[in-house]
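A, B, C and D are the chain letters, set down in written order, and residue numbers restart from 1 in every chain.
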Amino acid sequence: MVTMKELPREEYLLKGHAACAGCGPAVSLRLLFKALGSKVFLVVPACCTTVIQGPYPFTSFGVPLQNILFESTGAAASGVVAALRQRRVDDITVVGWAGDGGTADIGIQALSGAAERETNFIYICYDNEAYGNTGMQRSGLTPYGAWTTTTPSGKKERKKDMPMIMAAHKIPYVATACTAFPLDFVNKVRKAKDIQGTKYIHLLAPCPTGWRYDTGKTIEMGRLAVQTGLFVLYEIENGKFKLNPPSDRLVDKSKRKPVKEYFAGQGRFRNLTEDDVVRIENWVDEDWNEYRKRAECA
Amino acid sequence: MVAMPKKRRDLPVTPLSYPTVGSMGKTGSWRTFRPEVNYSKCTRCVLCWVFCPDAVITRQEDDSPKIDYDYCKGCGICANECPVKAIIMVREEE
Amino acid sequence: MTRMVVDTANHLAGYAAKAARVKVVAAYPITPQTTVVEKIADFVESGEMDAEYIRVESEHSAMVACIGAAATGVRTFTATSAQGLALMHEALHWASGSRLPIVMAVVNRAMGAPWSIWPDLSDSLSQRDTGWIQFYCADNQEVFDMILQAYKLCEDERVFLPAMVCLEGFILSHTYAPAKLPEQSKIDEFLPPYKCGWMLDVDRPYSHANLVSPEWYMEFRFMIQEAMENAKRLIPQVANDYGKRFGHGYGGLVERYKCDDADLVLLTMGTIGSDAKLAVDKLRQEGLKVGSARVRVYRPFPVEEIVDLAKNVRMFATIDRHISFGMEGFLASEVKASLFGQKDRPLFAGFIAGLGGRDVTAETVEKLAKRSLKWTDLGKVEKETEWVDLRE
Amino acid sequence: MLKEIRIHGRGGQGSVTAAEVLAHAAFIEGKWVQAFPYFGAERRGAPVKAFARISSAPLLVHSQVYCPDYVIVLDPYLYKVVDVTEGLKKDGVIVMNTKRKPGELGLEGWRVATVDATGIALELNLLVAGLPVVNSSILGAFAKASGEVKLESVLQAVKETWSGGAGEKNARATELAYERVVRWWDGEG
């Protein structure tokens, strides 16, 4: 297990990039490169990262980056991986880096296909729970009750369980991560790098612009998402489910912070009613029952 | 540093963009508040460096942070995350 | 030694991909394209072809996987038809904008609704503005030859564009006929290893195709237009080179047949151009001065050749296996546009025929020619666009 | 000279393969050839058509065959549901897999050659998925009845289509059909 100080000093996301102030995905990109170094081909569909690069002829990325169509990250990565294999190159890690819309909505077909074909790459969904690049519209990963520009009174449906959808593909590695737990994320990326086949990491990456909190609180929001049990850190390695710290200590409901603490800090949840909160708490309990059973089985 | 093309003949066959510090310019101008480090309080835990979204904090020899104000957007994550409150956000001077 | 084989045009497309030493094939099955990719799957599994065959989950992904592979430095191939091509549409633009020399066999099939599995050119022609070079074939040999020539052309640094080699479904795709396959070593000499204007590289990292502001976007578009003009110049050269090396082979922008002294020239695309020759022979026997010209390359469009062809002709008649709803056949529009600046323009009539696989026989073409000749004598065209054999 | 052949069969009987093998045999003799299915979706058991063209000059024609010189019928019952004579030239020949005589088939006035291809397949135990294979043998009958291709060429094409033991067996069926075909217009019947 790596420590904070052991993270390499090299930066492959260069300063002066075009992310919003306090951008969770930007923090995560830095961590991604600290995990993998520079021998990476990044495949990026339309998403905030398209903009983070800055405009031609400049880019803030120090690794090769193929911008590709919104719904096609899995397919583009498949082509890159096949070509590398034909060129007998085996020291480059191919990473698909896509947002929640590009993963769970428009891109789910290409991702599912790539996973079913056992394409050797890491797919990271950086989830800021809405279409951030186009100004915060609802996605399949927007949580219940959250305001977006297309759900002005709050989303009426629940968030898709994307990592479990990927686990159903029987790929060798599925993990969740959060920007607020950098070492957990780095370790998971490094573990994924050494596994053959499709590896899926679902990364909750808080977004001050869309979630409506102070830009300084990005890490705090991520931490609360995990501490309240709303977002759970786990990994499924060859079908074996394992809760990771600190989520592994939250099976006991009394250890979890009240979900209200998470909602209170974010403007996007301002329309939540007391009933909504109770409903969400019940869902969290139900979900945790499932996680507990899975953890016990393993 | 990548040179800005001037004429059509300077262009590559398709848009290829090269790694550049300041691809979006000097983003320090986006700032309203600036982080200031109190080095006597700093414990060299490097958390501010880890969590900086803008890669503007470098770890000095002794692991204390150095902030590049040319590019720091002033988001305040470093101040918020510093366990000993060694970084505070102060209003930019006119 | 050149080898003669008898096989379907779809299988010959597979042979051509193998002969081109394609490294990555990504494709999704659709009638009538399927036997192209089945052949390639056989080649890859038997080890006759050292390539990766990515069995993608859609045509959109097929094209994007080709883009990813081509950008990573290898030669790519795919094939599709109709709805599959339409699904690819978005990615077609991405391929040409990325200046990747991907070659694709388009096995022409009519677009639905309603479902049709039979041929017409509406699928590929409606991709006209995607920045792809488009070749149209009239027999099995031409399919094989043009796939190899397409790679040679597309990988030329003056071009760096993708190309479609179009062949009509069933009429060619499932028709078993003889073709010559040149020796592999000679093909290797003709077509050296893959070349592209750029590729992903960890030693020289860059972002490809990130945001381009209005300040530069137009210049990149102009460069594609320039590349198309270059392609127009290079297509006959590539064909000559191919012909010299292999002693046979199709090529050039327009195939002319008995046009020199013709009063009437029938302009066609695809296999109708082959049957039109039979009609021309028949009409010539009757003493009628008719020729035919098959437009082999639709993008870039051979404007100069059309202008040249028009010089001593009294009338042009196009036969389009396609309709641009609300206007006319695409070939009709392009031919007329080509001639707009000319002083003495021939009379013009456009025929719409063979949509959705309706058979266009030599007799049909003969009938259209005779009607056009009547108008030539009259000095006036009675109906500028006519649907052929349309029921009352 | 251009000769056009239409083959009638049922989906699964190998009508398209028969057209291809026939074209291949003529190709071996240096002819220009085409073989193609009726353009459409083929369903197992349903009546299907395939076509072949044999020519001494390169083939420019790409339309379907409307007035064949020859008709080959793979299935003995098909004549009841399909007009196998449709468009057939007046002096055209029908080569049919049947045990019956032309008079019993309602084909009076046509030049008909018959062979019991199903019987040959059963005799040789030439079966695929339990069904007798008749497409290879009928081509032997066609070679004899039409004179358009030599038996040797058909045998070579058959062996190139089916390899190994299957090729030998199919070739034997072709030979037997060549020997047993009856050309009724020659007064042989």
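General remarks:
In this section, contacts are C-beta pairs under 8 Å (C-beta built on N, C-alpha and C of every residue); 3 or more make two chains touch, one makes a residue touch a chain.
Note that this is a predicted model, so its numbers are computed, not measured.
More inter-chain C-beta contacts link the pair A-C than the other of C-D and A-C. Centre-to-centre, using mean CA coordinates, chain C is 35 Å away from chain D.
Per-chain CA centroids place chain B at a distance of 80 Å from chain D.
Distance between chain A and chain C, defined via averaged C-alpha coordinates, is recorded as 44 Å.
Averaged Cα coordinates give chain B a centre that lies 53 Å from the centre of chain C. For chain C, the set of residues that touch two or more other chains comprises 205-210, 212, 216. The multi-chain contact residues of chain A, meaning those touching 2 or more other chains, are 53-56, 59, 61-62. Residues of chain B in contact with two or more other chains: 5, 15-19. If you sketch which chains touch which, the pattern fits none of the simple shapes: not an open path, not a single ring, not a star, and not all-to-all. Interface note: chains touch in the pairs A-B, A-C, B-C, C-D.
Put simply, chain A touches chain B in their complex at residues 4-5, 7, 9, 11, 13-19, 21-24, 26-27, 30-31, 53-62, 182, 208, 214-220.
By the touch criterion given at the top, residues 97-99, 160, 197-198, 205-210, 212, 216, 219-220, 222-223 of chain C touch chain B in their complex.
In the complex of the two chains, the chain B residues touching chain A come out as 2, 4-5, 15-27, 30-31, 45-47, 50-56, 58-59, 63, 68, 70-71, 73-77, 79-81, 89. The part of chain C that touches chain D in the complex is made up of residues 4, 6, 31, 117-119, 138-139, 169-172, 174-178, 271-272, 274-275, 277-278, 357, 359-362.
By the touch rule above, chain A contacts chain C in their complex via residues 38-41, 43, 50-51, 53-56, 59, 61-69, 71-72, 74-80, 82-87, 92, 109-110, 112-113, 116-117.
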